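What follows is a set of structures to go through.
After this come two complexes, each holding chain A, first together with chain B and then together with chain C.
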Partner chain A sequence: MKGGQMNWMRKLALTTALVVGVAGPIHAEEIKFGLLQDFTAVYTFVTGQYNQGQQDYLRLVNEEGGIGGNTFTAIVRDTGNQPQRGIEAYNRAKEEGAILFDFLSTPVSAAILDQAQSDKNVVITPAHGRGDASDGTVFPYVFPMMATYWAQAANLVEYMKQTGGLEGKKIAIVHIDSPFGREPGPILQALSEQEKFEFKAFPYASPGNEQSSAWSEVRRYRPDYVMIWGAGGGQAVSVRTAIQNGIRPEQIHSVIWLAETDAANVGPQMKGVKRFEATASGMDHPIIQRINEKVIAPGKGSGETANVGNSYYNLGVATMAVAVEAARLGAEGGATINGDALKAGFEKIAGYDAEGLMPAITITGADHQGGGAGRVSEWDGEKWVPVSEWHAAYPDLVRKVIEESASHYGK
Partner chain B sequence: MFYRLSGTYHTSYRADRRLWKVPTDRWLVVALLVLGAFAPLYVSPLYLGSYVLPWVIWSAAALSLTLLMGLAGQLHFGFAAVMAIGAYASIHLTRAGIPFEISLLLSGLIAAVIGAVFGGAALRVKGLYLVMATLAMQYLVDWVVVNVPWISGGAHATLRTPAVSFLLLPLDSLAARYWLALGWAVLLTVFFMNVKRSSFGRALVAIRDKDFAAAVIGVDPFRTKLMAFFTSSFMGGVTGAILAFCFYRAVTPEQFGFNVSIQLVAMVLVGGLGSVIGSWLGAGFVLLAPIFLTNIISALAATGWVPVSQNFLSHLPLMIYGAMIIGFLLLEPLGLAKIYDNIRKYFLVWPFRHARS
Partner chain C sequence: MAYFLELLISGALTGLMYALVALGFVLIYKSAGVPNLAQGALVMTAGYAVWLVMSWGLPVWAAIPIAGAIMFGFGLVVERLLLRRMVGQPVIMVVMLTLGLEILLRGLVPGILGSAPKPIDLGIDFAPIIIGDVFINRTSLYGGIAALVLVGAALAFFRTRLGTKLRAVSDDHVSSWAVGISVERAIGISWGLAGVAAVVAGALWGSSQGVDWTLSALLFPAVAVVILGGVDSIHGVVLGGILVGVLGTVIPGYLDSVAGGSTRDVVTSLIILLTIMIRPFGMFGREDIERI
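== the complex of A and B ==
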């Protein structure tokens, strides 16, 4: 009885402390990551599963004893994709001692980039955010750490080249009318000159619930390949409308944002559609198996069990696997882990592949993308099946675009 | 007792036209001003930078919008676009080498001219139709910003504000940026209160209540409506520039999207149409309530009091927030300003129960 009462009072005291914003003392052995993401507005299609994977992986690391005695804590907050809420969440998490941040939102990342750099805190922007942040000489504390949109577009184009050739062919790029949708433009321009193909962009209005007019133009263009560049609900609409307009599923190649949910929304017609992937999906990987055994089975998972092994779940797991690996490398030699040590740890990562969950990445002081490798996978009606090997496509060209764009930063 | 009225006589027209007739109100205003001006000394950087500063700027934006919606009765659902014009104009002007003080004014003028052009629709249409016209402005401005790389700043569409100083005060420190924002918001507040008792303000109110009746008594609806759009857009444009330079310091098109316009309308409505204090309260409520709720719910969840999934946890604050808005509007349809007014009137006659006005 008395113990229960004590517990209740402690809870109340702790709650009050948290509510009034007084952070407790920071333990040296507790590494905090701020996962301040958009759970309620634009990125809802990915955030839930992605964040679940991140939290479950950190829990797995803690269950296995942490890294050299260090445990990991995730500070999770909703920002609603609003920059001003992101700034608040960032400042608060910074006071609570977080040294790594993942916003999974382009506007929020953009609003905080400068602040985080001057605070010397690491920001990871896996599969979102500005691609030129791959240039570590310009953006020392930002780590895209996976294939940028430019590397993704290059990878898809190379896959087309290998499967049906490119010379004299026509590629239609159907994209959401936003800065994100425009990302592949420059790289396609450069590639079309090099590989002698023709391409044309067909934008549709955000959020992409209605794309008929764009696709009827695509039909008249008679493309050999189609690239779709959108996210969320618009992706399923793209695939469905494309098929209505006589495009075969095999011709459709998607940016990374196409997952199991979209396949379920499209239905059986989806079979044959291809997408870029930066991490493998499915349960058949050592890390996912261990999460299943040590986190999910004892009931310590942070979300629905059905999501475990999904594309976005595994993507989240991979991001945290890289971050934890960076913390391990940064703590080598007994250094206290702060933003600088973590940055140094990231730049020591060499050939890390999260036990096969992702392509081996090597991050250096100049290359924060980690090589930009990925592969293409195809929906076989039930799951995503890889159809190419992990590799980086046109790395020199991608690097050139990165440096060219990074050189404009700060002007 | 709290608002001593005995001994307060207005013996001249001048005394009767004062902004704050009751001494207690004057002392409250002075106390608030002092508190506001010295906030950087006693408010922690977290709260100053993430709560007080955005609140002050959005209050200025709400004041600009409520001049149009509250006083002149012209609905505007694209006000974020007006602020976007101000923000982008000010950045490009300062980059071109024009001093910051002048580019603030010029960005306000540019926003005012474009705002007044779209406001021209108000000469023909009213109510919901005007909402559609201003929505068109929102989408057009969005489209132009996104599709003209020269404006938005290239592939990533992020434009960083250059380092500037305002009247020799460098806008590097948080305190300096806060003071500039506070100064602008106070200026707008004083301006708004004075507009309300000027002939222009009365003309706006006449237009709001019935525009052809206003025309009959000699108010030119054409001129007055355009002036309303021009003034309000000027205020909004400068506020957008202040928002860019003092708060975000890196501008992206998403910061001025349609949802921001709706938020601004919500601030004005929840606060109370056409009210000064309502703009401040409404901006504070719409901007900060979701943040406070998110933090409280997360803290409760961290201690194990709300055992729910992250997804539900993120939506719970929104549900409470929505319920609060409905609750406030049911309780007092005239907004937070009216709630404040009720409280003030209660204390005006306390310990007695009935106020005369």
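== the complex of A and C ==
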């Protein structure tokens, strides 16, 4: 299939092969991760490639002997972005022995969060879920482990400051009308007061296949910078409609959900558009090269080869790299890997960058975001090219927003 | 004033793009008397069909007619496998069947062909047409023209001998059988035609946003269009589409920044509710039709 991705049906079918095949004979310990994600509804734009990267990385680790003899098994199921199905899938996977869960769905993660914490199972929420779960004192078993949406907005704003200045400038934030779309509001408000810029929000209805009225208004607002905060097909519509309204591609800055597929949909006009990234894209990274050599080349990959190295694939790889590192640290001293040991392992992660695939993260008992670093990259017509260094922007301000939000949890 | 004019024109053209989706709904209702809640998924499937044919290396001008043939065949298959056994059954069961088909296609087609958005390049220039301070989106403009052409073709079709037969089937299955009209064939043709209309809608909407499951979400504004225009009225699709598009663009254009959220879906919902309460057969629908 030209430029396609592994379809979710084949992926789910291959899951059985992963469980009984790659894991091979029963080892000293089999560590199970529940990758219970949305293959059929809202997150379909990312799940296929993301999950493919996750499965391929776990295969790589197993091919390389696991960690201390322990191998990894992925339990992959479709939740359809429905909390009810997610809860059912969680309970089944928990019975099967899974100790870490990635739902890649904000509503499903939210629905299971309390139960998972009560069960002392780890939930990772990279690039989705509650940003305030970064506060490990309130959410001890939840690990965003990458830049939250607040940290992403801060990173983009800092990039604007460095490249064109902020004082007296205008930023238009064009977003899908959902809690996710409204997420950057508080941090932009705080930053606008600190950096003396003006910003205005322009919402559009979900899923975003028609945004003309929002962009007509944006054009008349005459912004210096534009931030787009959506996902899936709506992102391509945003970029197209922005350009059709005279916004230059160089003015457009996106949340993390803008990838190669969106660039293909927009076409050559996409050149110059920028986005936040939490992991590097491309093949030129040691982990990706080893996956290529030991998993893809022998035909053990879990999806289309064309996806290997693209943005969402690499994001998936990075999530499992961090999770496996946490398991390795948790198993130090011969500890049995359960939810508690895994949590302890996460909180021992210091300066880990997945061999350069992502910014170095340090996770502590209080900071489950891992520092919130990232960078900005630009579409050059063929690929994403970094235009800033890995770093965390306005970390104190972001932390303040996290703690403020977390303080309301359960009240 | 320029802002209002731009919203007005943009809304009218967007509404005509909705009319492209709604046309398939009306074609099936007018021919077979079946309210087709699978039309959004048909548009999505048609978008995938265009992308698939283009992925074989064929140019878009060849891909669209080939996809049209595929979707016409798909419509015939739907009739043969699903609809045929529903002839003479309560209409509510047929509605439920089409709803089931919508859900099935929305999961199955991306499951087989891949769920990440697929590109369709129609070669339409990005640069808008600029008149004063009014920008007109070329994709919407061409979509609007395509909608008018298709509606004209549909109106002409229903004046033909075959079109008259389809209308007779829509009126009464039993009487149509009695005078020798093949009800099964008529329903199959109507689904096939809806599939062809879906190809044009899928290609145009897909070129704007990429092809993925969200194309099926176009069912919602399309339902508003057919309820407002009349579920059995082809020219009602045009006027209903323009009104739904204009109201769904102009009102959010002024209210969204004040309300702090998108009001477009609220406007569309109100159009559906108010039309059903005030004039349940729509602006141009026949008064004796049943409410769905």
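Assume the second predicted complex is superposed on the first by the 383 of 411 C-alpha atoms of A that agree within 3 Å, B and C clash if a C-alpha of one lies under 4 Å from a C-alpha of the other, contacts with A are read in each partner's own complex, and residues count from 1 in each chain.
Following the convention adopted for this analysis, a contact is a pair of C-beta atoms (placed from the backbone, for glycine too) under 8 Å apart; a residue touches a chain by one contact, two chains touch by 3 or more.
These numbers come from a predicted model, not from an experiment.
Chemist: Thinking of the overlay built on chain A, is A:P298 touched by chain B (first), by chain C (second), by both, or by neither?
Modeler: It touches nothing on chain B or chain C.
Chemist: Which of the two partners, first being chain B and second being chain C, lies in contact with A:P286: first, second, both, or neither?
Modeler: Neither chain B nor chain C is touched by A:P286.
Chemist: Figure out whether A:T40 sits in contact with chain B (first) or chain C (second), or with both, or with neither.
Modeler: Both partners, chain B and chain C.
Chemist: Scan A:G48 for contacts with chain B and chain C and give back first, second, both or neither.
Modeler: Both partners.
Chemist: For A:G356, using the defined touch cut-off, is the partner it touches chain B, chain C, both, or neither? Pick first, second, both or neither.
Modeler: Neither partner.
Chemist: After the superposition on A, what does A:A111 contact: first (chain B), second (chain C), both or neither?
Modeler: Once the two structures are laid over each other on A, A:A111 reaches chain B alone.
Chemist: May I ask you to decide whether A:D132 touches chain B, chain C, both, or neither, giving the answer as first, second, both or neither?
Modeler: So A:D132 only meets chain B here.
Chemist: A:N245 in the overlay: touching chain B, chain C, both, or neither? Say first, second, both or neither.
Modeler: A:N245 sits against chain C, while chain B stays out of touch.
Chemist: Report for A:G165: first if it touches chain B alone, second if chain C alone, otherwise both or neither.
Modeler: In the superposition, A:G165 contacts neither chain B nor chain C.
Chemist: Hey, what residues of chain A end up touching chain B and chain C alike?
Modeler: The answer is residues 39-41, 48, 177 of chain A.
Chemist: Provide the residue numbers of chain A that touch chain C in the complex, in ascending order.
Modeler: Residues of chain A touching chain C: 1-9, 39-41, 44-49, 177, 200-210, 212-214, 216-217, 219-220, 232-234, 236-237, 240-241, 243-246, 261-262, 264-265, 267, 269.
Chemist: Can you name the residues of chain C that touch chain A in the complex?
Modeler: 3, 6-7, 10-11, 14, 55, 106-107, 110-119, 121, 126-128, 135, 137-138, 140, 205, 208-210, 212-215, 217-218, 249-250, 252-253, 256-257, 260-262, 264-265
Chemist: Which residues of chain A touch chain B in their complex?
Modeler: Contact set of chain A toward chain B: 11, 14-15, 18-19, 21, 39-41, 48, 51-52, 55, 76-78, 80-85, 87-88, 91-92, 95, 106-107, 110-111, 113-114, 130-132, 177-179, 182-183, 185-186, 302-304, 405, 408, 410.
Chemist: Can you check the complex and tell me which residues of chain B touch chain A?
Modeler: Listed in rising order, the residues of chain B that touch chain A are 45-47, 49-51, 54, 143, 146-147, 152, 154-158, 160, 247-250, 252-255, 259, 287, 290-291, 294-296, 298-300, 302-305, 309-311, 313-315, 317-318.
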